[in-house]
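Got some structures for you, see below.
Both complexes below contain subunit A, partnered by subunit B and then by subunit C.
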Partner chain A sequence: MYFCEMTAGDGVRGPYADYDAWFAQQDNARLAQKSREAEAFFRQTGITFNVYGDKDAEERLIPFDLVPRILSGREWDKLSRGVDQRVRALNAFLHDIYNRQEILRAGIVPIDLIAQNDAYLPQMMDFVPPGGVYTHIVGTDLVRTGEDDFFVLEDNARTPSGVSYMLENRETMLQMFPELFSKQKVKRVSDYPKNLRASLEASAPPNCKGRPCVAVLTPGIHNSAYFEHSFLADQMGVQLVEGHDLRIVDGHIAMRTTRGFKVIDVLYRRVDDDFLDPLTFHPDSMLGVPGIMDVYRAGNITIANAPGTGVADDKAIYSYMPDIVEFYTGEKAILKNVETFRCSEPDSLKYTLDNLKDLVVKEVHGSGGYGMLVGPAASKAELAAFADKLRANPANYIAQPTLSLSTVPIFTEAGLAPRHVDLRPFALVSPEQVNIVPGGLTRVAMTEGSLVVNSSQGGGTKDTWVLED
Partner chain B sequence: MQLFVTHATHYTYDTPVVYALQKARLRPSGSKLQEIEAWDLTVEGGKIEAGYRDHYGNNVDLISAEPGTQSLVITAQGTINTHDLAGVLGPVYGRAPLWHFQQITPVTRLTDEVAAPFLGVFRAAPNPIEGGHALCHEILSKVAYDTDKTHAATTAQEAIAIGHGVCQDHSHIFIAVARQAGFAARYVSGYLRIDGRVHQDANHAWAEIHVPDLGWVGFDVSNGISPDDRYVRLAVGRDARDAAPISGLRMGNGGEELMVSLQVQQ
Partner chain C sequence: MLGKTAGGLYWMFRNLERAENTARLIEAGFRIALTRSTDPASDWRSVIVTSAQQAAYEAKCQTYQSTQVTEFLLRDPSNPSSVMSLIKNARDNARLTRTAITSEVWGAVNETWMRLCDQLSAPVPDTELPKVLASIRRQSALVRGALHGTMLRNDVYDFCRLGTFLERADNTARIVDVKYHALLPSPSFVGSKMDNVQWETLLRSVSGHRAFRWGSDGEYNAANIANFLILDRRMPRSLGYCADNLVDNLTYICDQYGQETESLERAHAIDSRLRGRDIHEIFDEGLHEFLSTTLIHLGELGLQIEKDYRFFQ
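Coming up: the complex of A and B.
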C-alpha cells in the first residue's frame, strides 16, 4: 500500500481539505480544457527539456499536472529544518575534505572514497572559497512513505536544476485558478530569483567593491537545461554568458559588453567542473573560461557552486550522510537516509545480487535516472544483464530497497488518479544564512504504478504548495 | 652552493596574438635544501594577471599576452643558496595529504605485467632508499636517455615500451612503480647545473618518494643520483602536468615558435 497525500480512509487529509472542496465543484471538461491551455502556455514560454540519447525528441515538454501537491506549514517546518541541517553539514564536509580532513582522520568516511573519487578536485585543496560557501544552491531530493516519514533520496550539490519549473508551475496555477489562492494562503515562491541574486551577491569575494556583478554561465543552447539558464538570468536581471564572451582583464574575469569589458564578481556557472577551465582541467573544453581557476584561487571571483562540490553528492558518500551530519552538527540527522547497500562491500554485493528483483540499483556517479535498475519493474533478462554489470564492477553501484513512494493524484479526463511523487526543495546558501524556498519542485511519475519521476524518463511536475497554517 | 639562474621562455607568433594565457610555476619556494636570496619574474609583451599558492604549495602566476603582440618573453631570474642533504627534503607537508600522492594518474599507470620487474628490483632492496637507487638504475638500463623518442604527453607505460626517454619519462616511471609499491611519490620540476656548462638544455625533473621517519627524498633517475646542491626545486605535483613550469593556451590560428634559454651557474 502507498501513502496517499490527499486522502486518508474515506476522508481527505487536512492540507487538501479546501482544495478537495473546490475540486468537487469543478467540471471535468473545463479542467481538461485548462490542462490543454497550460500545455500551450508552456510551449509558448519555451519551457522544454532536451532528453539525452533520444534523437527523435530533441526538445520535449515536461508534462505539467494541474493538481497541486500540498504540504501543511507544520510538515514543511520539519522538512525545511532537516534540509537546512543537511545543507550546513554538506558545506562543512566540503570545507573539511578540502582542508584539514578531520572526518577522514577520524575514520568516519573512508579515505579511498575521496582519494579515488573523480569529483574530488585536488585544485580545491588548501583553499577556502569566499565566505566559506561551497554549495550556493542545493537541491535535496526527498520522498515520503508515510504521515511522518520523509527520506532523502539524493543530494544535488553540483548544479541542481528544476527551479524554473517550480516558478513557472506556480505562475501557471495563479493564472489558471486565481480563486484557489484567494481561498487559502499559500507561501510565495516568486521571491526565489531575487533571493538567489541576493545570496550570490552576499557570497562575492571580500575585495569586491560596490554592488557585486553576477552573471550566469551556460554551456549554450544545446544544453538540456538551457531554458533554465536563460530564465534565471532574466529573472535575476543579470547577464547570461558563454565561455567565449569572457576573458581575463586585470586579474579578473570580465564579460564583453557594448561598453567594453565589465568585471564579474560572482559567476553562477551551469558548466560542469571538467569543462570549466581548459587551462586547469579538460584541455579541449570550448565551453569554459581559461584561467578562471587561477583567478578564483587568487581571490578575484566567486564560482557558484564551487568546483569540486560533486564529491558530496556522490551516491557512495550519500550512504555516510547520517554520520556526516552528526560529525559536523553534533545532532542526529532530522531527515532520514534510505537504507543503502554499498556493492563495494562483499556482503552488500551478495545481498544485492540475491535480492535484485526487489531493489533499486544506481550507479555511484550517475544522475538523472540514467543507468539505473528498478528491480520490480525489470524483466528476467534485464535483471540477468544487470547482475553481470554488477559483478564486473561492484564498486560502481549502490542498492536501495524499493520505497513505497507516496502518491498525489493527477488529473485525467476520467478524474483523479494516484501517481507517485518526490520533492526537490531548493536551498540557497550565503555566508550569512541558508534560505529555503517554501515547497520546491514536485516531480510525478505520469505512468500508473511507475516509481521513476525523472523528467528524462518521462516524469512530469506539479505546483507545490506550502500552506500558512 | 650559490646558484644564479636565468630562465627565459620566448614565444614568437606568426600573426599578432588575439588572446593567450600562460600558467607559470616559476617561483621556487625556500626549504632546508634551498634559500631563495633573490628572485624575480618579469614579462615582456604581456603581464602578470594573478598570483597565488596552489594546492601543492607551488607559487603560480597567470600571465596574459598583450593583444597584438608577436613576442612574449617570460623570464625567471634569481640567486639561490643550495645545500647538499643527499636529496632529503624531510617531513615537510602541506595540505595535500600523503594518500593523494599515492593515487595513480593516467600518465603514471603501469600494467601489472610491465611494472613487475621494476617492482621486484625496488622491493628486493633492504630499505626504500636503497630500493630507490636500485630502481633508478633499473629504469636507466631499460629506458635509455634520449631526447628524440618521446614527447610531452608520453605515458610511463609508453616510455617503457619505447625503451628511451627523457627526465620526465624516467620520473613518471619511478613514480608509477613507487606508487604501486604503496609509497607516496611525486614529480619535481626544477633546474640542474651541469658541471662545466653555463647554458643548460632544458628544465630538469626528478621524483620524490615519501619514506616513513625520513620524509620526502629525491631521486634523479636520469642521472642516477639523489639531488645535491646543484639542484633547484621549482614545483611539485602528482605528475608533469601538475608541476609544469609553464603551460599555456592561445586562441586563434597561426604558428608559434618557442625558445627556451636556461643558464644555471655558480
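Coming up: the complex of A and C.
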C-alpha cells in the first residue's frame, strides 16, 4: 500500500483539511475548464521545454495538475533542516576533495570513486572558489513513504532545474483560485529570484568593486531548459548571455553590450562543465568562453555552480552520503538515504541480478530518468536485456529497492485519482548562509501506477504548499 | 543592453514588418488577379518581383499561378522570406530577447506564431486566403499595440522601431520601384485604364488607397501618388515618414548613450534627400535611379547599425 498524503483512513490528513472542504464545494466541469485554461496560459506564456531527439514535439508543455501538494509547517521544518545539513556537507565535501582530501585519507570514501569519476576536475585542485562556495544552487530530490519517512533520492549539485515551474505554478494557482489563499496561509515562494540574486552577489570575488554584476549563461534558445534560463534572468533583472556574447577583457569576463564590453563578476551558468571552456575541456564547444577557467583561477569571476561539483551528486557517491554528512557536520544525517547497492561490489551485483524484478537500477552518471530500469514495471525480455548490460559494466550501475512512493491526488475528469510524487526543494548557498525557499517542485507521475516522475518521461508538476502552522 | 539583444529586437521587428508587407502584397495581387481577366500570371509575377524573390521563385516554379505563388510566399519552409519562416524567425528572436520585452509583447508574438502554425499547417485554398491574410495583419497590429502600450521608451524600444522602419522603408522603395514605369508621366497613358489599375494596386499594397483619397487632393495622377508614397510625411509607410523615425530613434539612442554614431549620420543623409523636395524634381532626376540609390543607402544604414551597436561582434 502507498502512503496517501491527502487521506488517512476515512478522514483527511491535517494539512489537506481546508483544501478538502473547498474541493467538496467545487463543480467538476468548472475545474476541468480551469485546467484547460491553465494549459492555454502555459502555452501562450511559452512555459515549454524541448525534448531531445523528439522532432515532432519540439516544444512540449509539462502537464500541470491543479491539486496542490500540501506540507504542514512542521513537516517542512524538519525537511529544510535536513536539506540545510546535507547542502553544507556537500560543500564541505567538495572543498575537501579539491584540497586536502581528508575523507579519502580517512578511508571513508574510496579514492577510486573520485579519481575515476568523469565529473572530477583536476583543474579544480588546490583552488578555493570565492567565499568557499561550490554549490550555490542545489536541488535535493526527496521522496516520502510514510508519515515521518522522507528519503533523499538524489542530490543535484550541478545545475538543478525546475525552479521556474515552482514559481509559475504558484502564480497560476493564485490566478485560478485566489479564494484558496485567503482561507489559509501558504508561505511565499516569490522571493526566490530576489534571494537568488542576493546569494549570487554575496558570492562575488572579494576584489569586485561596487555592486557585483551577475549574468545567466545559457546554451541558447534550443536548450531544453531555455525557458527557465530566460525566466530567471528576467526575474532577477540580470542579463541572459550566451558564450558568443562573452570574451576576456583585461583578465575579466566581459559581455558585449551596445555600449561596449561590460565586466561580469558572477556567472550563473546553465552550461555543463564539459562545455564551459573549450581551452580546458571540450575543444569543440561553442557554448562556453575560451579561457574562462584561467580567469576563474585568477579569482576574477565566480562561476555558479563551481566546475567539478558533479563529483558530489554522482549516484555512487550518493551511497556514501550518510557517512559524508557525519564526517563533516559531526551529526547524524537528518534525512535518510535510500538503501543502495553498488553494483561495482560483487555481492551487490549478485543481489541485484537475483532480485532485478523488484529493484530500480540506475546509471551512476545518468539523469532525467534515461537509461533506468524499473524492475516491477519491466517485461521479462527487458529484464534479461538489462541484466546483460549490468554484467557487461557493473560499475556503471547502482540498484535500489522499489520505494513505495507516496501519492497525492491529481484532478481528472472523473474526480480525484492518486498518483506518485516526489519533491525537489531548492537551496541557495552563499558564504554567509543557506537559504531554502519554503516549497519546491513537486513532480507527479501522471500515469496510474507509474513511479517515474521525470518530465522527459511524461511526468507533470504541482504547486507545492508549505502552510503557516 | 547586450549587442545580441539589440540585434534580436531589431530583427524580430524587421521580420514582423516584412511578414505584414508580404501579406499585403499578396492581398493586392489576389485582388487584381480577381478583377482583371486578361493575364493573372503577369500580376502574380509582379508580386514576386516586388517581394524581391524572382530568382528564388523561378528556381522552384516555372509558371506563375496563384496557388504556387501564395504557397511560396506564405508557407514554403525553404523560403526564408515566406510569412511562416519570417514569423518563426521573429518568434525565435522574441525568445532570444525575452528578458528585454514585456510579457505582453512576448505573448502577442508567441500567439501570432501559434495561430499561423495552425492556419498555415496545410496549403491555403483561394477561398480561405482572405481570412488568413486578414489574420496576419490583425496579429501584426496586436504585436504593435502591445509594443506601444507596454514598453518603456528606452533603447529596447528604439531598436524595435529601427527594425520596423528600416524594413518598411526598404519595402516601400521596392514596391514603388517595381511600378516606377507606371508612375512616369507619359502623356499617352495618363488616365488610361491600365494606369488606374496599376496605381490602385500600388496603393493597396501599402494599404494607402483610402488614405490617398482623403490625404491628397484626390487627384489620381502619377505625381500625386509618387509624392504620397515617397515624400508625404503624414503617410506612415512613405519613405519620408520612415526616414523621420529612423533619425528620431537613432537620436534617442545616441542621447541615451551619450555618443554620436555613424548610423545617425547615415540616417540624416537619407532623410535630407527626402526633405524639401518636389516630386517633379525627383522625376527629372530619374525616379528609378533615385529609388535604387535609396535602397543602397538603406542597406548601408542597416549594416552600420549592426556595427555601431555590436549586434554580432
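To be clear about the criterion, the second predicted complex is superposed on the first by the 469 of 469 C-alpha atoms of A that agree within 3 Å, B and C clash if a C-alpha of one lies under 4 Å from a C-alpha of the other, contacts with A are read in each partner's own complex, and residues count from 1 in each chain.
In this section, a contact is a pair of C-beta atoms (placed from the backbone, for glycine too) under 8 Å apart; a residue touches a chain by one contact, two chains touch by 3 or more.
What you are looking at is a predicted structure, and each value in this text was computed from that prediction instead of being measured.
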item	value
Subunit B versus subunit C as contact partner of A:7, first or second or both or neither	neither
Touching partner for A:250 - first (subunit B), second (subunit C), both, neither	first
Subunit B versus subunit C, judged by how many residues of subunit A each one touches	B
Which superposed partner A:412 touches (first subunit B, second subunit C, both, neither)	neither
Subunit B versus subunit C as contact partner of A:45, first or second or both or neither	second
Subunit C-contacting residues of subunit A that also contact subunit B	none
Contact footprint of subunit A on subunit C as seen in their complex	1-6, 92, 95-96, 98-99, 103, 106-107, 110-111, 114, 155, 253, 257, 259, 309-310, 313
Complex contact set, residues of subunit B against subunit A	19, 21, 23, 49-55, 57, 60, 62, 64, 94-97, 99-100, 102-103, 238, 247-249
Contact set on subunit A toward subunit C in their complex	43-46, 221, 226, 230, 233-234, 239-242, 244-245, 255-260
Residues of subunit A that touch subunit B when the two form their complex	99-101, 104, 111, 115-116, 122-127, 247-248, 250-251, 278-280, 283, 290-291, 294-295, 297-300
